[in-house]
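I've put the structures underneath this note.
Consider the two complexes below, in which chain A is the common component and chain B and chain C are the respective partners.
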Partner chain A sequence: MTKGPALLLPVLYLALFFAYLFGPLAIMAITAFNSAGFPRVSPWECLTFGWFGKLAQDTRLLEGIGNSLIIGVGVVLIAVPIGLAAALTLSQVGPRLRASLYTVFIAPILVPGVVIGLSTLIFWDRLGAMIGADYDTLFYDGIFLTIAGQVTFIAAYSMLVFLSRISRFDPTLTEAALDMGATPTQAFVKVLLPFMAPAIASAAVLAFLASMENYNTTVFTVVAESTFTTVLASKVRYGLDPSISAVAVIIVAFTLIAATVFEMGKRRQTRAASGLLALDRPVLRLIAHPLFVAGLMAALVGGVVWTGANHDSSVCEMQVLDDKRAVQERLEQERRERIEALTPAPSAPSAPTQSAPGGAFAPGSLAPGGSAPSPAPSPAPAPAPSAPGGAFVPGALAPGGAFAPGGLAPSGSVDN
Partner chain B sequence: MTKDITLDYVSVQFGDYVAVDGAHLTIQGGEFFSFLGPSGCGKTTLLRCISGFQEPTAGQIRIGGKDMRGIGPNKRPTALIFQNLALFPLMSVADNIAFPLEVRGVDRKTRRRRADELLELIALSGQGDKRISELSGGQKQRVAIARALAVEPDILLLDEPLSALDLKLRQHMRRELRAIQKQVGLTFIYITHDQGEALTMSDRVAVMSRGRIEQVGDARAVYDQPRTAFVASFVGENNALTGRVLGRENGLSTLDLGLPAPVRVATASGPGAKLAPGAECMAFVRPEALRPCAPDAPNAFPATVIREEFEGAQRHLVLETPGPGPAAGPAAGPAAPRELRMTLVNDDRDAAFGPGAAISVGFAPDMACALPPGELASA
Partner chain C sequence: MSGLRAFFAGFVDRNGLPVAIYLGLAVTIWVFLLVALPQLAMLDFSFRHNLPPSKMGGPEDVYTLEQYRYFFLGSEIGGGDWNALDIGVLFKTLLAAVAVTLIDLAICYPVAYLLAHSARGAAGRLMVLALIVPFWVNEILRAFAFRILFGATGVINEAGMAMGLWSAPIDFVGEDVALYAGLSYAYILLMIFPLYNAIESLDRNQIEAARDMGASRIQVHWKVVIPYAKPGIASGSTMVFMLTAGALAAPQILGGPSNLWFTQIVYQWFNDGGNWPRGSAYAIVLLAVCIGFVMLMMRVFRVSIGAIGR
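For the complex of A and B:
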């Protein structure tokens, strides 16, 4: 009897904890499969994979992702060596110089990203102006500027990763290598670098992720280009639809798969190191092999994609549309009847008030109808002309234009 | 092949701190030479000077007559075995051993062959593919030696290589090291704070204290004819008695050590011979030189047994005798008790006495020595 509540409390706490952590993610993931035009779980309309398809055709987003990848790779290639060099320097200087150098190296992490972005922009612009560079040179290139801006603080991140590893390095190993006749370069390449390899890998991953998800600095330095985050941000501002949820689902799935495969690989390594590899159970060994796990995951994803590609939600969506139209017609009908009934007593204000809720809902519920032949009220505002050059117009590119009611925005492009 | 190593007044200073102070000696090619001294006396620093990791602040190091100043550790004919071995944990045993060949651009097949040869020398044949972490302490030790030998050095430098091993293994490795040295015929410069190690293995020993070399000589000379109070008290066990020289004749000095009667100590040669009558001095009597004797025998004095430590083959008696202890000063009155240690072989029939017994002990004049007062090794 006494055990019940005692056990209940931790369980409840855990449930709340995990709900808090993963609830938003779960809900977002679900919205990616609802055909409703606004990311929501209820009312549930139809199971659809259409948002993923829409994503695949969103050239702006794809271009942003492409830029983000280029920037990410560039940042990794520059920030990781700089971070390693900084960590090596710190490990070799005296304690007093070390303290002040450390402060200098770490400063970019403490400076707000916005400031780094702005100062990068201004610095290169001034530099370009000084040598009279054209606007199509590196000094005004969004991708270059973004790499330059991000490297300043991501190099400091990777330095931190390297510092923790290097503090466990036994410097007599380098001395031993030198004593055995190695040149300093050989000692570095054959002894220190292999020791640092795991840290280099994690610093690279960290740098790449930090670059991919950066917004504060990037939004200033991209200038006329766009990256994954800036495209997403403009989407949020100028009309949200579940294709954003689809992006999230893809990212979460990718992260989960990578983490699982990595973890399997790591466990295998530790077990191999301690000689605990299940040599006598080949099946178990195969199942636990990271490559096998990766294959399994790939197959799973392939299956889902195939199912999605072959899933046809148009019948259901048509049904939903018809239902809505019926509801709207009924409401319209009721309104008309009420107006007729009230004609003798002219209480004009009450009529709009009454109809307001219906009216307000209507456009929203109509929105997803975009996938079917567009109903009358959604002649999308003039298809947005390509952005007129400005640096921060990207938002204007949002389909449907800046002032389209949120729900309507995507309707123009959902046709497929 | 055999190159002499000359340290020509080598000094090393870290800021104001003098870690090595005017080391001056020559080590012959092919010799097993040890530096013996307590922890912190500058042994490692001196070894790092020889291997090239540390430039002396003064003095010169010559190997085979060649001045080593400005020659890096990778260009010297030395190989150092580090105190912590410094084996490369990410490489296999064979790769560790072949590392010196790899960095010299030797091809893979030759490397493998040489590694196998060396593995055989250290009795680890067939274990080349193991990881370093899979080896025992003694095996790691031998791999470190093999790796150093792969350098084909003229001089092998060993920095307390056995300090991490347990007693049994240490004694085994002493013999093994000595055997390897005989086999390869290299000069070994060995560093240790363990006098047992230094005395059993070395051709010659240099005893160090506070950066200074106190005495150089073979094991017997260092043990039997210490030249300073530090050496006398650091190498082996010793009883120190402070006192004054009364007179000297025929190579025998008469000393007043605060005992009921003066004692006579041989001072035919060495620093003791320079002690003038009236000078302060320290006399050293080894525990095994003290013997029970008749009260009227020469050099006899009374003592009381306080404790007995039984050790099987021999037993140690802790005796108390009046007089100033080793740390003598005006404060220590002449009657302050002091402790002496006496070691007896266990079959001494005539020494069948235990704690509390009042006995007479004495020593032969040539089994003790008199030295100018100096700093003693702390126990």
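For the complex of A and C:
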């Protein structure tokens, strides 16, 4: 009887927790498909794939991604061997030296990335100045500096991966190799390295990802160049745009596919280990194969991309624009009626607007309509009924969003 | 000295010369060229005047405490008063980092416990995967997601207003709610895994025994699980604290207009202010204060630094 609520609470908590984890990403992903110029879910305008197209034409972003890839490969090539060396060294020294060495090796993870970034920048700058290097040499090169800065702490990540693997290494294997006449170098290459291979792979993946997504260090060391993250950051800081959400969608999709394939592979392995591989059911075996899953995912992505490329949202977008313009015109109309209601009398038709009193006619509130005001000197306008007090204060129009300057810009361009 | 030589002889003997050279070289390059010397260069630079390159190394290039004096006392024109703005930002940053650490600890402890002791096999693996997946999206995009969530026309405001909970959009960004939520989110993973590792190795029988002796659910956690997981808690908290205090992207994107994070001041001195020595001094201050604070906490809670990163 007590089992019910006791089980319910953890499940509820986990559900909430994962909602917190995935909710923001899901919402961001949805905004990538909304044609509204500002990333948001509501009001929903049109399903569009246009933001992805915009992304593909963003040369700055593409250049940044290119640099990030170069940096990532460089970081993997340097940080992984360093991490391996550090882990091996730690495994060979006595306990007291080990404790202090460990503190030194782990320190770069704890030092704020900002500090690592600018210390790297200063060090190579000083070194360059000391030997009188030119500004186009390595010492001032953003890509080299970024690799140096990132390796500083990513090597420590790799070291942690290697340490956990090495703790399961059986040293008698090396001893056996040595007894059989192998040199220490041979023992290292033929016994230890193969044992470490899986850890090397995961350390490399981890290092590459850590490099790709680093910002704090990179923003200092990258100097005049740009990377994926610095381009993204400047995009986010100087104007929100759903194409940023589109970047996230691509990353999340890649991640989910990789995770699914990885999980299928893992399951297959455990099944194979326990002899439960469905040998008698070849169809099931095929379906559960990681390669098959990967192919399926690739086909799915291809289908979505194809649909996206052929999806035409322009009709819907025109519709939304027309709606917006209609609303705009209705408000114009209401305002005009209101203006006329406020003007004292139709007896002085020569200057109706000049005599308009009060702050209700602040220039800002009239500006959008300025392009096409029909004179409409109708003599006895009904006092706009549903427009009390503050309806024409510019701010009051903002919440709907449709009337923010950005929302109007496209309609203006269509007009002309 | 002879002990050192014997050590190296043994090292070469055990690994063979090529491997020994590789190990020694890699570790030396890392520790000296990448970690120690840059930090020293920054320390050195923080004690200098801000000079144009042509005057560096000239007669004016002397050591000075000017940059630190500026941090504590402000510009000379202001007279001997404290530099309340910068010191205030530093304290606020530390306080916020502590708050984010505590929030993360509170959120993550139940998850880590459930993961370690209830989830088995495929379900457990799936949960770990589900934990990792959101963190492959980089820090900037995560902050951006919270910007969408908490903006004036964001989902939370729209939903709240649609349900009639509040009538005008709440400025979550200006009130720093978005910043705290985003920062807590950003470092969840760094808290969960140390906790998980620590709790997972706890023998389940200990919990059973405590329950048999009549301990309540809360007592089991307070007296058995938490003391056992202390190294994991220390490790996770240290990482979250240091990374939050050193965060740059999230405060830049999610911080309200009037709110500054200390790293942003460092960034400003470097990029907009063009004053590298002062930026270095500020970075040193940040580093020293953070390390000092972590050391103090470790002393208070009696954990050793060896626990970090496991």
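Following the convention adopted for this analysis, the second predicted complex is superposed on the first by the 328 of 416 C-alpha atoms of A that agree within 3 Å, B and C clash if a C-alpha of one lies under 4 Å from a C-alpha of the other, contacts with A are read in each partner's own complex, and residues count from 1 in each chain.
The rule we apply is simple: a residue touches a chain if its C-beta (ideal position, glycine included) is under 8 Å from a C-beta of that chain, and two chains touch if they have at least 3 such contacts.
What you see is a predicted model; the values in this text were computed from it and never measured.
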item	value
Touching partner for A:T89 - first (chain B), second (chain C), both, neither	second
Partner contacting more residues of chain A (chain B vs chain C)	C
Partner chain(s) touched by A:M180 [first = chain B, second = chain C, both, neither]	first
First (chain B), second (chain C), both or neither touched by A:D170	first
Which of chain B and chain C A:L256 touches, first, second, both or neither	second
Chain B versus chain C as contact partner of A:L110, first or second or both or neither	second
First, second, both or neither for A:I339, with chain B first and chain C second	neither
Partner chain(s) touched by A:K190 [first = chain B, second = chain C, both, neither]	first
Touching partner for A:L8 - first (chain B), second (chain C), both, neither	neither
Those residues of chain A which chain B touches in one complex and chain C touches in the other	183, 186
Residues of chain B that touch chain A when the two form their complex	51-53, 72-74, 78-80, 82, 84, 86-88, 90, 99-100, 102-104, 131, 133, 147-148, 150-151
Residues of chain C that touch chain A when the two form their complex	11, 13-19, 22-23, 25-27, 29-31, 34-35, 37-39, 41-42, 45, 53, 56, 107, 110-111, 114, 118, 122, 125-127, 129-134, 136-149, 151, 153-155, 158, 168-169, 185, 188, 238-239, 242-243, 245-249, 252-253, 263, 266-267, 270, 276, 279-280, 283, 286-287, 290-291, 294, 305-306, 308-309
Chain C-touching residues of chain A, taken from the complex the two chains share	10, 13-14, 17-18, 20-25, 27-28, 31, 38-42, 81-82, 84-86, 88-89, 92, 99, 102-116, 118-120, 122-124, 126-127, 129, 148, 151-152, 155-156, 160, 183-188, 209, 212-213, 215-216, 219-220, 228-229, 232-233, 236-237, 240, 244-245, 247-248, 251-252, 255-256, 259, 262-263, 266-267, 399, 401
Parts of chain A lying in touch with chain B, wherever the complex brings them together	170, 172-173, 175-183, 186, 190-191, 194-195, 273
